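Labels for the chains are A, B, C and D, by order of writing; each one numbers its residues from 1.
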Amino acid sequence: MAIMTSSPTYLPVLERVAEEIGHTPGRGRSADYIPALAARDARAFGMAVAELDGTVYGVGDWREPFSAQSITKVFTLALDLAREGDELWEHVGREPSGNPFNSLVQLEYENGIPRNPFINAGALVVTDRLQTRTGDAAGELLGFLRAESGNPELDFDEEVAASETVNGDRNAALAHFMASYGNIDNPVPVLLEQYFRQCSITASCADLALATRFLARHGLRADGTRLLASRQAKQVNAVMLTCGTYDAAGDFAYRVGLPGKSGVGGGIIAVVPGRCALCVWSPGLDERGNSVAGVAALDRFTTLTDLSVF
Amino acid sequence: MAIMTSSPTYLPVLERVAEEIGHTPGRGRSADYIPALAARDARAFGMAVAELDGTVYGVGDWREPFSAQSITKVFTLALDLAREGDELWEHVGREPSGNPFNSLVQLEYENGIPRNPFINAGALVVTDRLQTRTGDAAGELLGFLRAESGNPELDFDEEVAASETVNGDRNAALAHFMASYGNIDNPVPVLLEQYFRQCSITASCADLALATRFLARHGLRADGTRLLASRQAKQVNAVMLTCGTYDAAGDFAYRVGLPGKSGVGGGIIAVVPGRCALCVWSPGLDERGNSVAGVAALDRFTTLTDLSVF
Amino acid sequence: MAIMTSSPTYLPVLERVAEEIGHTPGRGRSADYIPALAARDARAFGMAVAELDGTVYGVGDWREPFSAQSITKVFTLALDLAREGDELWEHVGREPSGNPFNSLVQLEYENGIPRNPFINAGALVVTDRLQTRTGDAAGELLGFLRAESGNPELDFDEEVAASETVNGDRNAALAHFMASYGNIDNPVPVLLEQYFRQCSITASCADLALATRFLARHGLRADGTRLLASRQAKQVNAVMLTCGTYDAAGDFAYRVGLPGKSGVGGGIIAVVPGRCALCVWSPGLDERGNSVAGVAALDRFTTLTDLSVF
Amino acid sequence: MAIMTSSPTYLPVLERVAEEIGHTPGRGRSADYIPALAARDARAFGMAVAELDGTVYGVGDWREPFSAQSITKVFTLALDLAREGDELWEHVGREPSGNPFNSLVQLEYENGIPRNPFINAGALVVTDRLQTRTGDAAGELLGFLRAESGNPELDFDEEVAASETVNGDRNAALAHFMASYGNIDNPVPVLLEQYFRQCSITASCADLALATRFLARHGLRADGTRLLASRQAKQVNAVMLTCGTYDAAGDFAYRVGLPGKSGVGGGIIAVVPGRCALCVWSPGLDERGNSVAGVAALDRFTTLTDLSVF
């Protein structure tokens, strides 16, 4: 578990945000397509900040583990970019999708090249490529998250992974469809297993804020080694800002003004370049799949701190 | 004409960028649908920086007037937002379009509400609303640009406006289509005339960098009065970053990392919040309608200065 | 007014159909976008048969005039084909649209060539071409209908035409959009006036069954002269069968099994090649714009007579 | 093998058609995605007529077996309709698709209900339902074709079926996608195997004309028993006419004027209700997947005989 090591610069702000959000009624609904997600209380709330030096602190349920889901797409992207470099962008775009997050329409018009790495189709391509390069994409991801968070207990949630598999026809359709264009290398069942395991990773706000820290540090990992070049870290931030919250990326940029990535487990990570990384969690989702209280909390945070990139 | 008033912080960088860009072959093609645009040399190049205090300087053809075209959409948006506030967002969205810039498809699926204020349909809505509030949207815009640039000679190019009118069937289709959903108030011919006049404004890199300065100053105009609240200026920057370069917004964010807005005249404005405003111009366009040398120059500029927001 | 001249072969069937349909509850809703259409009783019902020799008879409100609307598209098509021949098909397709009847989506993907002559976009193209060839498309159409029906009192309904004009933004959008691809020759306001006048023609089931007779007679007009070659008349029937009832053409073929064309005034014409022409009218429409009782009556008619083309 | 049993009414016409077609240059290209299809000579040509009494005769390569491919969709539809009746239409539509034959777009907009039984998605649904009702959809189909053609040697081509499987990602995508909407009952691999086996059946023009005969006989099988009610047989013919030739159904109706169904093996079956059934074969395809010489031959046939339904 992460430990606080220096002065918590933004703790008073977090406390004020938590108090304001605590009074907000109507926090959306938990994702209902996976039993383990549906069971979470839509009103839970936690928020954590990880500063550049590894100081981490938070409010509310900030140490409570939850299902990271699509938040993991950021780390998988970084891990593959670190290995593959710009060649990746021949297989996945970096434009906002302008459509709901699992749309097949654009894939068809654009010959099997997904719009960006954060829609499901794009994440399948990135996972496929990391799998080809490592032989164990999900294991690679888990190792990275354990190292960055300093939490060796992070793990897959096999029950959640199994639920995804049961409900996985749409992702199977996406994978087969891209395979028909030659844009998937691994057998679809292998790919789906890797993909669902990644999504199932359980972690807390503290863990994920720490793991996101390398993007605030322009590519430097917790141990001081470099995962990404500074230029690449900025590019990942740019993709998060334009594509990180499904078809609400414009609204998120408008309200929050930070690179961010959400998951249907109710978590959102965000980056203040050169300053800190954040993670907020609250399971109630809006109709576009983003945490209602999570977006509101980040909105308040950047308003109070003036830390928006704009 | 703008005058340099203090030390030109970024002039050495501009000079280096201009030299590097000067050696770039293959700079795309000038827009060919308006004779006055097609006549410009695709290899012309200018770039200007306006600092917060009004210092302005540049390289190459930075004092050469060109057709501002869609760059004016940013100012029209700001002028209407200043009057109308958030009610505007009930009539136009702020999500990337994910489609070519004059697509009718999304308009149809989304009941006549354009995706964002920077696609043509959205700019028509904003112009329509500014027209309703001022009775002369184009005149309002011209007055603003003259005041901010300190250049009273800025004007419409009636020849360009007339060319647009002649070729204006697609914009007429957009306007009638939105009118069929009740999202246009003024008669379509009146609206189109206002819209085409706006687009026809001729200005230089120096003029437009100065006029963009209020977005780097969080809403403060040249004379120190406030056009937009700080919150609103940041929001306009956010919309520029996610939607400002047609369907290449993700790529622009990835490469340049600044809020920016391009026009088919070959100009691009960009904002470094709290630091400066930029304008670059080169008429050769890529297949998505953005200046080839312009994007390359901004890419080099943020790489050399590390001024990307990410 | 048409007069019965020989034995009414199908009169007993019509009487049985009328009786059965009379007991059908829930007949849909009258079109509400034009006041004059909305005012019609959704439960009115008439049906007429015109035999090859000009014998005409009917049941219910078969002599009651109603707004022909899109039914006129068949006659405009025939009149232009008679003049222009196959060159027309370079400007309009003959494939079912597979989408709601005034969709802009396919127009965009298919570069301004409408799918078929019976969607609004296609009818605008056909009207435009007939206008170019005659200088008065609507007058040409009216003259033809008067001659074929033997009813010199047929006329435009100026009130309906004016209502269309007021509500005509969507058709204006279609026309301007196709003009942007070079597929419209006349000025859009001229074209729209011609188009709306055509649609406004008021006629009874008797009139329209007689006017449709040339399609059952393989191209021969009432006076024995030839409007279309036999081959062309069959082709018009084929286009009616595959495209005549908006996006319900498959269902209409399945249930009725005759070439037919519906209008939002509640009328439907149908052709039994080599036998007779029919027209049925009842203003209540289903959600796809076809007369509920009209389709049901034709369904019963072909079931009882075994006159489906299949 | 079928045997001629009475006077061959249309043999002189077939001979004339074959002669004319034989002089046609440029007959398209054989399907290239399956090696066994690509290997066929694009210039082969055969055509057969089966009269109501079982008389069968032909010209050219009319006894040469070829890969039936999508032609089998007609028989699978009839076999399922015979068992299930109208309930089938809750799971598949009967409207033309208006899009290329394996499009996913409409499936997404229409919640997993394919447009009609002759696009791949629709045929997968019909096969799935027949599989549920029989436990061996492909075997059921083969038995039917053997019985109707009187040719016990008809069989699957396992090499072709295996080729489809290898290249089957797109159909797997379709099946998983519909399964995600609950519109597929069987496991996707089971369904695909059944589907590919059906498509692989090899038969000659003689065989397929005889097998299609029940549709010209309003539902009566070769042995005089009834597969479909007369009403149902007409409905299958209607669906063939509006949906049987991919996105060229309107053109096929316009040119040929008969219910027909094509396959990428180069075969086309057609029905003259109450008269005869036809099958034509020539492997060269146009860009929409229909046999070039096959469509031309049917066009000539109906022109010479005046047997179009219009």
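By our rule, a residue touches a chain if its C-beta (ideal position, glycine included) is under 8 Å from a C-beta of that chain, and two chains touch if they have at least 3 such contacts.
For reference, the UniProt names are A, B, C, D = Glutaminase.
What you are looking at is a predicted structure, and each value in this text was computed from that prediction instead of being measured.
Visitor: Minimal path length between chain B and chain D through chains that touch?
Guide: Shortest path length, in steps: 2.
Visitor: Specify, for the interface formed by the sequence copies chain A and chain D, whether it is same or different in terms of residue numbers shared by both sides, with half as the dividing line.
Guide: same
Visitor: At what distance in angstrom does the C-alpha mean of chain D lie from that of chain A?
Guide: From the centre of chain A to the centre of chain D is 48 Å.
Visitor: Between chain A and chain C, what distance separates the C-alpha centroids? Give it in angstrom.
Guide: One centre to the other, that is 56 Å.
Visitor: Express in whole angstrom the distance between the two chain centres, defined as the mean CA positions of chain C and chain D.
Guide: 32
Visitor: Can you tell me which residues of chain D touch two or more of the remaining chains?
Guide: Answer for chain D, listing residues that touch two or more other chains: there are none.
Visitor: Taking the top-of-page definition of touch, could you list the pairs of chains it picks out?
Guide: Pairs flagged as touching, ordered by label: A-B, A-D, B-C, C-D.
Visitor: Which residues, counting only chain B, touch chain C once they are in their complex?
Guide: So the residues of chain B touching chain C come out as 103-105, 107-108, 169-170, 172-177, 179-180, 188.
Visitor: Okay, in this complex, where on chain A does chain B touch?
Guide: Going by the criterion above, the answer is residues 93-99, 106, 115-116, 231, 233-235, 237-239, 241-243, 247-251, 253-254, 257, 259, 273, 303, 308-310.
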